[in-house]
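Below are two complexes that have chain A in common, paired first with chain B and then with chain C.
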Partner chain A sequence: MSDAIRHRLTPLERSERRLGFAMLAPAFLLLAAVVLYPIAELIRNSFHFNHLAQPWMGTPFVGFENYVKALGDDRFHEAVLHTLLYILVTVPGAVVIGLGLALLANQPFRVKWPVRLGLLLPWALPLVFAGLIFRWFFEFNQGIANAMLRGLGLEPLNWLTSPGLAFFAICLAIIWKSSSFVALVLLAGLQTIPKSFYEAAEVDGATKWQQFREITLPMLRPAIFVALIFRTITAIQTFDIPYAMTNGGPGNSTETLAMYIHKTTVDFLDLGYGSALAVLMFIVSAVITSLYLRHTRRDPGRH
Partner chain B sequence: MKLLRNRRALIILAGLIVAANGFFPALWILFTSFKTEVELMRVPITIIPQAPTIENYIRVFVDQPILRFLFNSVVVAVLSTLLCVTCSALAAYALVRLRLPGAGIILSVLLAIAMFPLISMMVPLFQVMRDLGLLNTWWALIFPHAVLSMPVCTLVLISFFQDIPRDLENAAMIDGCTRLGALWHVVIPLTAPGVFTAGILAFVNSWDEFLLALTLSPRVASRTLPVGITLYQGEFSFPWPIISAALIVAIVPICIVIAIFQERVVSGLTSGGVKG
Partner chain C sequence: MTSRFTRRMATRLGLAAGLALAGAAYAQAQTTLRIFTGGQQRPDVMRQIVDGYMKANPNVKVEVEVGGATSEQQQQYLNTVLASKDSALDLILIDVIRPAQWAAAQWAEPLDSYLGAEKDAIMARYLPAYRAANIVNGKVIALPYFADAQFLYYRKDLLEKHGLQPPKTWDELKAAAQKVMAAEGNANLRGFETAGAPIEGTVCTYLVPLWGSGEDMLKDGKLNLASAAAKKPFQLWADLKAANVTPPNLAEIPTDRIRQNMQAGNLIFGMTWGYVWNRLQNDADSTVKGKIGVVPLPGFTADKQATCIGGWQVAVSAFSKNKAEAAKLARYLSSPEVAKQQAILASHLPVFPGVYTDAEVLKANPWFEQALPVVQSARSRPVTPRYTEVSEIMRTNMNAFLAGTKTADQALGDMTNRLGAIFR
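Showing the complex of A and B:
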């Protein structure tokens, strides 16, 4: 298309454009109502004192006071640290386990549905349900984890009431729950690798491990990247599974940032401070989301 | 020959591992749900229930209004799915077909907004819904849940719409169809599998959502299943057989949905590459 034509739109093009923006309107209206307005409110709240348990104080403007408070709040620092640890353990964990599941699932099965459902079920299960089920696994007297320890002649462990073990149990639940989604994404990636690559490598005498290192991993890199970013975006928001398994305990040792924000606002009724914490979290998550978007940026009008 | 048989056995083993990993937890609570409290006390623990009882299932329906939770979940999931797919389809079509300037950037902005963390929206949404008098109503969840799945639905629909040749719509429009008429009568029927896939993903996302459902529907009668299930635990007691039975009741509907539509779900998850 030459520039001359591009600059002067035909009436048809102009009406198409108008229609196009009209068709985008419902989606953006919904986003404005459910996301943008609340985020604006959130930012406003974060600069005000707003404590529902102290209504006589009103809601005066306090500048950055809530943010300064966060700087000195040990429980907030711990929640951030726990969230980071969850990310550092469960994101690579889910990708490694997911890759293993994908490699196992990428076989020429005669009956496909048990494998497919085996990957879909953990994905479709609500996070809270996964949390409850794993809580049951790690129950002291009747849980399966301690039953296995006893079976091996070992002492049963206080899985959910000692800090380190509780963190481990929660990580296991998160990895189980999220690795199947990773496996589905990686499985799709595996299936795009042409069989002929492996046949050629076979002819050249490459071992299975070499084939995996030299063909599978490099070809999977884009799929792994997508899975990593997506797991990270959800891991920042970790809430449901620790909520169901330990509710942040023992003490606050398994409490995540999302759980602390939830407690600050819903249980302690401190909307101002909770909002400031939520703004901080939102900034971190926006940075990571933008990394993802930079990766997927594409022009939908073209192929 | 023996080598071939070994290979076959290895393949089956690989499949069994994947299936067991996925099914084991659900199977375990299925077994638990038929046990009595007494049997659970036994050491060493039993695997298969020795004296199966349906007492726990009766308690599930007696102790909490679980059918009400189920009904709330269905209504919220169905209506938010319809809203999400409608908005996403209109947006995806506009982005694919209508030669909008900066379509790529518009898409990025849409995705970026829709991916904001829920916890950040929770408090202000609570205030907005309270001010509008929508707390404890289905609407308080329907609108946010529709946004939750918008990125995945839009991406899935874009990938399907791109595959429809322009000529088909042009032919329809020459025959007197409007743009929207062509979308409704030509594009949507041809991309029905994609629309359907987007719908299932939106349905599952809404069905599973916990944080907003917990916050925006504080009244028992307006809770959805994921939140309702947590009500079976007492202050100090954790009646595991009843909770297991409740989990089974809650899991069965979603299992049926994904079992029927498994291929659609897989293709949707991987073409969008996302879970919202």
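Showing the complex of A and C:
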């Protein structure tokens, strides 16, 4: 089949095809330089000892030693566990809140900008700012959270220095920050649902809740899926907000995998081990994404 | 028409030539040096000092780059700059714990050849601890900029009001804090604070009581945390916490928060560094001007007081393109006259014993009289090229203990395991 096509190409078509490749080449080379080369270098590093604080040790090849070390490293296990917990809480959390926000923004308000601004503002804010703002909310003495508790006559809580509360505070910040992105994706999805569906449902006497369950949710499925994939991938890489709020504390109890990798490479200068950890994170990320993709590909067949 | 055109052309050409000449002369004469300092090390005072240097050396322009507030934040940034061999920084202010690490990583240009025959005479002027800290394997890695140690800051007015003497032991401190807090009845008034957040200063929160009980973390280069003394720091902080002398949020307190709380009048005792004095006395928003005293830190017994040595050094980057000029500036920054200037402007402790007794310095900092013996007896945190890892292990475990997420045994056990892998 492809042979047949190639035979049928005229010289002009062939030269156009060559031109096409030539015009793609710069983009491909750029991509190779900023994506493929670093990934190759990362994988190569992960099989070597490379510790910049000990340059006299050289960078000998150590095989799977860094990976074996990771498997026996409690701190790595804890960081993976924390990352998974963040995913489990903040991905559904952001989708539920984001859906609510999208439905709200989709209402026929006369003045739309306050809602739209409320949607865009958290999304436009740099992550680390969001982390710092929430850190001050939950600060022990001056924080607004404890001010509210004191106002209610309750004892102030150690929000950022007890593991459970710190996890809760960080999740809250992440959900606040990321639900607006989810809402934007879902809002786009909502606007593709034809009004006539709801009018027909109204005529048939369906309640608002039935309309939501039978029309909105099924029609929104693809958009929800896109939002889930994006949110999950960014949740795997959670770094800025816990970094700014607790820096992983108390102890290491809120440290994520990305934070541990950063600490190992940038603070400890242990590039070999840090690279192995990064490759492991890449694998986790790839597995989760492929599960999603398989699910979406199966999806149309079920309907 | 032609003449006007030629004239205009000539002016333009002349102007361009003049500019080019001026530019060339400028480029020949002017060396720009960039110095990195931390937000906590009084960059404003550093600017005043380099302004003086630029006036005396018109061929040199010095830019001051200000980095993070804590030692480990600064190092994080410097790690990325120096690991990539970036020449953007010529001089860098480094913490006293860093020279061994910087020598091992080959980030600091050894200064021996720039000091020449005067090397031994120059180094002999410094306090012995700073001489020792900055010479690694016989090479001068950096020159000391200012000294530091932890002291006990206390509210002179409150202690006098309640008939108390500044404490010499931790038990006296606990009793004094409890008495003042009970008598004052101010809900915002805390008894005692030291660094408890996962930051560099928290390493000293562990080491000071350890030294106070007569042990050290390393013995002959081997880890030495098996004795009963290794548990003493945990017991001390647990005891002060149980007595409500330390606040419930000790685990989120970084170094400068102690100063802020003291400045706001919310703290009776603070274990912190030399710079705090100047801020408490001179900051516009300080509510405790003239109400503060400074004494050596308490010990478990009055005769065994210990403290952590601090202080900042000027290193010349190994990747600088102006090393000779940079070394000259480093020598200036590490001179008795700059030490005196810093002492007066920022209450930075001098690295030269003679400056402590200078009349102007004593006028600005009356407590410097007792400070010299404290700095002289202050002890060093472990010296190792892998100090960032050592520090991280100690401060996160101490932080976890202070937050109550690890028991003393868990924290000490985790510390021993992880440090054991480094000090094999």
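Going forward, the second predicted complex is superposed on the first by the 280 of 303 C-alpha atoms of A that agree within 3 Å, B and C clash if a C-alpha of one lies under 4 Å from a C-alpha of the other, contacts with A are read in each partner's own complex, and residues count from 1 in each chain.
Everything below uses one rule, namely that contacts are C-beta pairs under 8 Å (C-beta built on N, C-alpha and C of every residue); 3 or more make two chains touch, one makes a residue touch a chain.
Everything quoted here is computed from the prediction, not taken from an experiment.
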So, A:S275: does it touch chain B (first), chain C (second), both, or neither? first
Partner chain(s) touched by A:A33 [first = chain B, second = chain C, both, neither]: first
Is A:P163 in contact with chain B, with chain C, with both, or with neither (first, second, both, neither)? second
What is the contact status of A:L24 with respect to chain B (first) and chain C (second): first, second, both, or neither? first
Which of the two partners, first being chain B and second being chain C, lies in contact with A:F64: first, second, both, or neither? neither
In the superposition, chain B vs chain C on chain A residues touched: B
Between chain B and chain C, whom does A:E139 touch in the aligned arrangement: first, second, both, or neither? both
In the overlaid three-chain picture, which partner chain does A:Q54 touch, first (chain B) or second (chain C), both, or neither? second
Once chain A of both complexes is superposed, is A:N45 in touch with chain B (first), chain C (second), both, or neither? first
Identify the residues of chain A that lie in both the chain B contact region and the chain C contact region. 139, 141, 266
Looking at the complex, which residues from chain B come into contact with chain A? 11-12, 14-15, 17-23, 25-26, 28-29, 32, 40-41, 43-45, 83, 86-88, 90-101, 103-104, 106-108, 110-125, 127-128, 143-144, 146-147, 150, 154, 158, 162, 179-180, 204, 207-211, 215, 225-227, 229-230, 238, 240, 243-244, 247, 250-251, 254-255, 257-259, 262-263, 265-266, 269-270, 273-275
The answer for chain C against chain A in the complex is residues 72, 75-76, 79-80, 83, 101, 104-106, 197-198, 247-249, 251-252, 385-386, 388-389, 392, 396-397, 399-400, 402-406
Chain C partner contacts - residues on chain A that touch it in the complex: 52-56, 139-141, 156, 158, 160-163, 247-253, 263, 266-270
Which chain A residues qualify as touching chain B in the complex? 13, 16-17, 19-21, 23-24, 26-28, 30-31, 33-39, 41-42, 45, 101, 104-105, 107-109, 113-130, 132-134, 136-137, 139, 141-142, 144, 147, 150-151, 176, 180-181, 183-185, 187-188, 223, 226, 230, 233-234, 236-237, 239-240, 243-244, 258, 261-262, 265-266, 271, 274-275, 278-279, 281-282, 285-286, 289-290, 292-293, 296-301, 303
